[in-house]
Amino acid sequence: MATAASNTALTSGGSVTPHDPEATAPDSTRSRRRHLRFLSSPKAAVGAGLLLFFTILAIVGPYITPYDPSARSNDLLQAPSWHHWFGTTHLGQDIFSQVVDGTRSVMYVGFLAGLVASALAVLIGVTSGYLGGFASDLLSALTNVFLVIPALLLIIIITSSLPTGGETVVGLVIGFTSWAWGARVLRAQTLSLRRRDFIEAARATGESTWRIIAFELLPNLSAVIISGFIGTMIYAVMSEIILAFIGVPGLADWNWGTVLYWAQSQQALAQGAWWWFVPAGLAIAILGTSLSLVNFGIDEFVNPRLRNNGERGAKGADGRPVRMRVGFTPVVIPIPDEPEAGTGVIGSTSTSEDVAQ
Amino acid sequence: MSSKVSGKEPVLEIQNLCVDYGLGKESVQAVRDVSLTLHRGEVLGLAGESGSGKSTLAYGLTRLLPPPGVITGGKVIYHQPGGDPVDVLRLSDAGLRQFRWAETSIVFQGAMNSLNPVHTVASQLMDVIAAHEPKMSKSARLARAKELLKLVGISPDRLGSYPHQLSGGMRQRVMIGMALALEPQVVIMDEPTTALDVVMQRQILRQLVDLRERLGFSVLFITHDLSLLVEFSDRIAIMYGGRIVEEAPAAKLYKDPLHPYSHGLLNAFPPLRGERRELSGIPGSPPDLRSMPTGCAFHPRCPKAFDPCRTDLPLLAAPADRTEEDRTGGERTVACWLHPGA
Amino acid sequence: MTLTHTSDQPPAPPDNDTVLEADGLTKHFAVRRVGRQAMTRAPRVVHAVDDVTLTLRRGRVTALVGESGSGKSTVARLLAQLYPRTGGDIRLHGTSVTVRGGRRFRAYNRKVQMIFQDPFASLNPVHTIRYHLSRALRIHGHGGNGAAELQQALEELLERVQLTPATRYLDKFPHELSGGQRQRVAIARALAADPEALLADEPVSMLDVSIRLGVLNLLRDLKERLHLAILYITHDIASARYFADDTLVMYAGRMVEGGDSETVTQNPAHPYTQLLISSAPDPDRIVGEGTPDDTVDASGGEPPSLIDPPAGCRFNPRCPHAMDICRTELPPRLPVDGNPDHWASCWLFDAEHGPAKAESAAKAETPAETPSEVSEYSNFPGSDPPDPHETRSGSESDQGSAEGGAR
Amino acid sequence: MKYFLQRLAFYLFTAWAAITINFFIPRLIPGDPVMALINKNRGQIDSHAIASLYILFGLNKHQSLWDQYTAYLAKLAHGDLGISFSNFPTPVSTILANALPWTICLAGAATIISFALGTFLGVLSGWLRGSRLDFVLPVTTFISSIPAFWLGLLTVATVIAVGSTFPVSGGYDPGLIPHADTTFIGSAIEHSWLPLGMLVITTMSGWILSMRNMMVTVGSEDYITVAQAKGLSDRRVMFSYAARNALLPNVSGFSLAIGQILGSTVLVEIVFNYPGIGYEMLQAVGSTDYPLMQGVFLCITLAVLVANLLADIAYLILDPRTRKEG
């Protein structure tokens, strides 16, 4: 769930520290442009690819289902087959169609809640971080209250007592109750950015407050905002599925949670109908994994310490593969086919014989 | 500072050390083929600007360089008093652990971050003693910790303090005291006073010199502040672009710098006394390790560069034009085509 | 843009005209009180800057020298009106100015621009050099009409700070430039407003030693060509001597000495200035054998807590010449050796209270260069326990609590 | 101490906020929620329950909102959470009193085990980064994305499929009466294995990941290099220097995790028919038993606050910087 991502994001706040001019290690990535660079991490690329797949499925899903997901048939409770890839329910409904059709509801709620929560998080987090003073303390206290109150239960109570349901309402409720984590991270980041000289320099140049927030502060927060958006999306998807699973009314006929709800309530377990709940659960896990992977990419982008350094496969002085460790710098034997270590780096190195003359 | 302790017996010999950042195609060479000898009881200054590789050298020779640093060649020979010389780079992990701090200790630049924030000063002073002298009793370790604090001029009732309760100067003193805990032969100081104010800096350096005279350890002193080194070290080595470009006794380097870079560095510090004159510093920027100039790395910034500088790398050697004098006054070497080796 | 129009302006006032003045400038930062303290304790403040008076003149560099925490950077930010001041006055061309954002702030900082210490932090990593400079030009109405004029203005700006050819730098991001180049961009940004006064907060201390003088020389060159009044803040008194016409010395939030740079550095009057100069690295100094190095100093030269600064002269706990009056009465600015341009806030220079005057004046005439002079300072800063904060908890941990409260 | 009092004040404030939110939710819902409920239940609600619903929802038009609020607080102060109408006329407090110990034990054990185990594995995998332990990262990422309840479903199905008699349902053997004797406790422990396992597996990954990241981040701090330079044993550097510091953000991030663990517990209880709060919650949602839902919410919120307070005390002990002035 969001825990891992959130903790990293909270702590990686420290990484946006002033550049150390004495740093001797050259940052090879500095020369490249920053945008979308996080996709260069294989983790993030895989995650983004999967995410794209689910997004497309959410858009076209209902049009490509082989069957009407609600339509009953005579193939009752059948194991996966060529006709029914994921098998059928006790009413003969096609589970594959249900899962594919249900993608839209899941993704929609995730996006909507993510958007609402991110907007609130930016509004509250950045404001309280930038302004300071009493208003800032108040907003911070509000954030902490929402952080501590178990949001899932609140969501369950609110959605189950609302007279009208639907994805939009559920998405909004989730969004309005789950912004606090993002707001806290953004506040911390804003506080640390605000002390940076470039913000003060922008003020000293004569930039207006709103321009500083919009053009100096926010671009530097984009990674954190996206990371928060994705974190909320994971959370929202999980919450919606849980709501559907415990039977909170008002959700669309088909999403991964309702599939699980029917599986659970119709004793699919006892009947050994594993196909009824395995695909939907796997879909949840894969979607969650893909979102987490994208977030790892962002984390590594924000916090360079998390990146993997160096290449694999080099041999150390003891003949074993080199592992980069703090405190024990590896001693590497240069690759034999190179005549001298590093001649490639210096354009033309004169050898000692040249000098001796 | 004073040259009265300048023994000629080597205690630490660095031979052709090469250090890279990263492996494979992306790697850059930060320290290239550096040889340097630290003699028993002397203060050897290592100067250069950022990126010159001076800190990389210090961390490399102790194998403390963080990833992605790798050592790609060379030897670091440590001469134990009354024992066989050992190559630090060939030590096993366990051997290295045993060697560290007992033989060479390090004082880092940021005293602020060098102490573990969650443990008391006493616990951090004592754990290093416990690691190397496991038989020592706890009360003996505590007594030693007290002694160490006294040594660096801190009241022993500070033992229970956490690092955040100490000022920057006190933290750096604690680090120096810790560095001396096992009476090592070599103390490496990486910009130990850069973060401190000048008054504090002078006090700490004074204290260090005093301790050095009493305890007889050698110091490898790394800083970008050459004017400080001239005052406080016996010999000075100047690094540029990962190589040592000049090495000489401090006074000699100050009076008669041979390498144009040393000359430029000395002129980069406006004097407090004497005539006020226009100084220029060194034009251009320090080199980028990823695209080092050919030949002498300094030639793009050198006012005296001529043809061979652009293509041929000058090697560190005793300058032919100064040899006569140097035989009497101590050794010096320089890597510059203006002063080719004999 | 404006680079040429300085010549079109009405007859330029002569150099040495007063541009910016600070009179009794004071800044206290509130320390956050938590919980019970709010009821029981009096409001605690950090006396960051107390009663600072200085004048920036056209075509002159005034250095403000002090150690970290002495309040020198706060002075710059107060002068730039980035912080509201607690007390005192700031006058631009003799007119008192207090601005807090908005249009009037822009009008003010069109005349008074600031350069920050860390060029790695003072440029926004997400924007190009072009963006930084165009914004500065546009804000102050020097962007010209249309893209061509803007481009020309940008190129002229970069040429002024010796970044040529300008086109090579315009579309780079800050991280693609070296420290020295970034600081030049920062200077160009300040120049975009076509200011009269430049507040340079340690403009070279983060740069590589070899390029510091290059940047200082550039500033001096700009000062001469554009007749700027420059406040040069530094902890390096030797560079103040090199670069500045006048030098002011600050200690623990107060100014302790001021005068012509050469006079202040060669004949330091205030014991603190003397300590500062004797502590600065100086390769010419030969530390003789007779130096009593073994006087290990118990407390180190730490400045006092600014939350509860010592009464009287703030340097008294560390001062070897401290008299009774130093512990109770704040010393006024007193002329040194009858020189009206050289003053020190030290009772030693008071006719009535300065019993040591003759001695110290004699000392001041022979600058601290003999070994015996040096040795005097090696053992004075508090081998006795004069500093109450030193023995309790370091001054930094006091500040830590102030920050901790603010979280 | 100051820090502790500050946190205590904050939790009291939060508790008040949660109670107030609880009060306002039914009042902010448009329309007549009671009628909506009755309609949903197609008139199956007892008429007494309807009356109690109206009082609970504060739709008593004769009372001002403030009076309703004070009355609500007064009732709460006496432990009166209203009457459950799915179990009419059992008071909500009675139901919760029976269910709460189960949940607290399950969630508490799960939290402690998963935190301890996850932190330990995170420390190892972070410290040994670049070694074979790197496989932990993708595996835990995947596991952390699996909902605990679904893993529970799979397990139940598997246990049934292999024909094992291992208990997969309920909190104790059906024949037993809850009582503090060894048979009962043994049975309860046996029944708790699977739900506990599911919770630990799924929540542990979060700790592993965040601890690993923190270890990597802390690993490049100067004091770690100093510790290595001092020649301390690897174990000492790893635990006493790296892990000790890496732990701090994890402890302060506890408040995020505890809510989620309780959320997962609720779901897992449903899957295993475990007689805790979650099971009651499912009943309440199924029959729109509003008083019961609110009671569950308040209970869990208070439990979360207490857990957070404990985490804060742990932080206080672990980080000397927070207990500076005693």
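Labels for the chains are A, B, C and D, by order of writing; each one numbers its residues from 1.
Heads up, the rule we're going with is that a contact is a pair of C-beta atoms (placed from the backbone, for glycine too) under 8 Å apart; a residue touches a chain by one contact, two chains touch by 3 or more.
Just so it is clear, the model here is predicted, and its values are computed rather than measured.
Steps needed, at minimum, to get from chain A to chain D via touching chains?
1
Using CA atom means as chain centres, which chain is nearest the centre of all the protein shown?
A
Across all chain pairs, which one has the most C-beta contacts?
Result of the pairwise contact count: A-D comes out on top.
Find the geometric centre of each of chain A and chain B from their Cα atoms only, then give the gap between the two centres in Å, rounded to an integer.
Distance between chain centres, rounded to whole Å: 45 Å.
Using the average of all C-alpha atoms in each chain as its centre, how far is it in Å between chain C and chain D?
55
Hey, how far is the Cα centre of chain B from the one of chain C, in Å?
Averaging C-alpha atoms per chain gives centres 31 Å apart.
Which chain C residues touch at least two other chains?
Counting only residues that touch two or more other chains, chain C contributes 179, 208, 397, 400.
Where in chain B do residues touch two or more other chains at once?
Touching at least two other chains: 50, 59, 64, 66, 93, 96, 164-165.
Listing for chain A: what residues touch at least two other chains?
Residues 21, 324-328.
Can you check the complex and tell me which residues of chain B touch chain C?
It comes out as residues 1-2, 49-50, 152-155, 164-170, 173, 197-204, 206-207, 209-210, 213, 224-228, 230-231, 254, 264-274, 276, 278-286.
For the complex, which residues does chain D have touching chain A?
It comes out as residues 10-11, 13-14, 17-18, 21, 25-26, 29-31, 33, 36, 40, 130-131, 141-142, 144-147, 149-151, 153-154, 156-157, 160-161, 203, 205-210, 213-214, 216-217, 219-220, 224-225, 227-229, 237, 249-250, 253, 255-257, 259-260, 262-263, 266-267, 270-271, 281-282, 285-286, 288, 290, 293-294, 296-297, 300-301, 304-305, 308.
Considering the complex alone, what residue numbers of chain B touch chain D?
59, 62, 64, 66, 93, 96-102, 105-106, 108, 110, 113-120, 127-128, 131-132, 162, 164-165, 175, 178
Would you mind writing out the residues of chain B in touch with chain A in their complex?
18-24, 26-30, 32, 50-51, 53, 55-56, 59-60, 63-73, 89-90, 93, 96, 109, 191, 288-290, 292-295, 311-315, 317, 341
Note which residues of chain C are touching chain B in the complex, please.
Going through chain C, the ones touching chain B are 67-68, 178-181, 208-214, 217, 235-239, 241-243, 262, 265-266, 275-285, 287, 289, 293-294, 296-302, 367, 369, 378, 381, 391, 393-397, 400.
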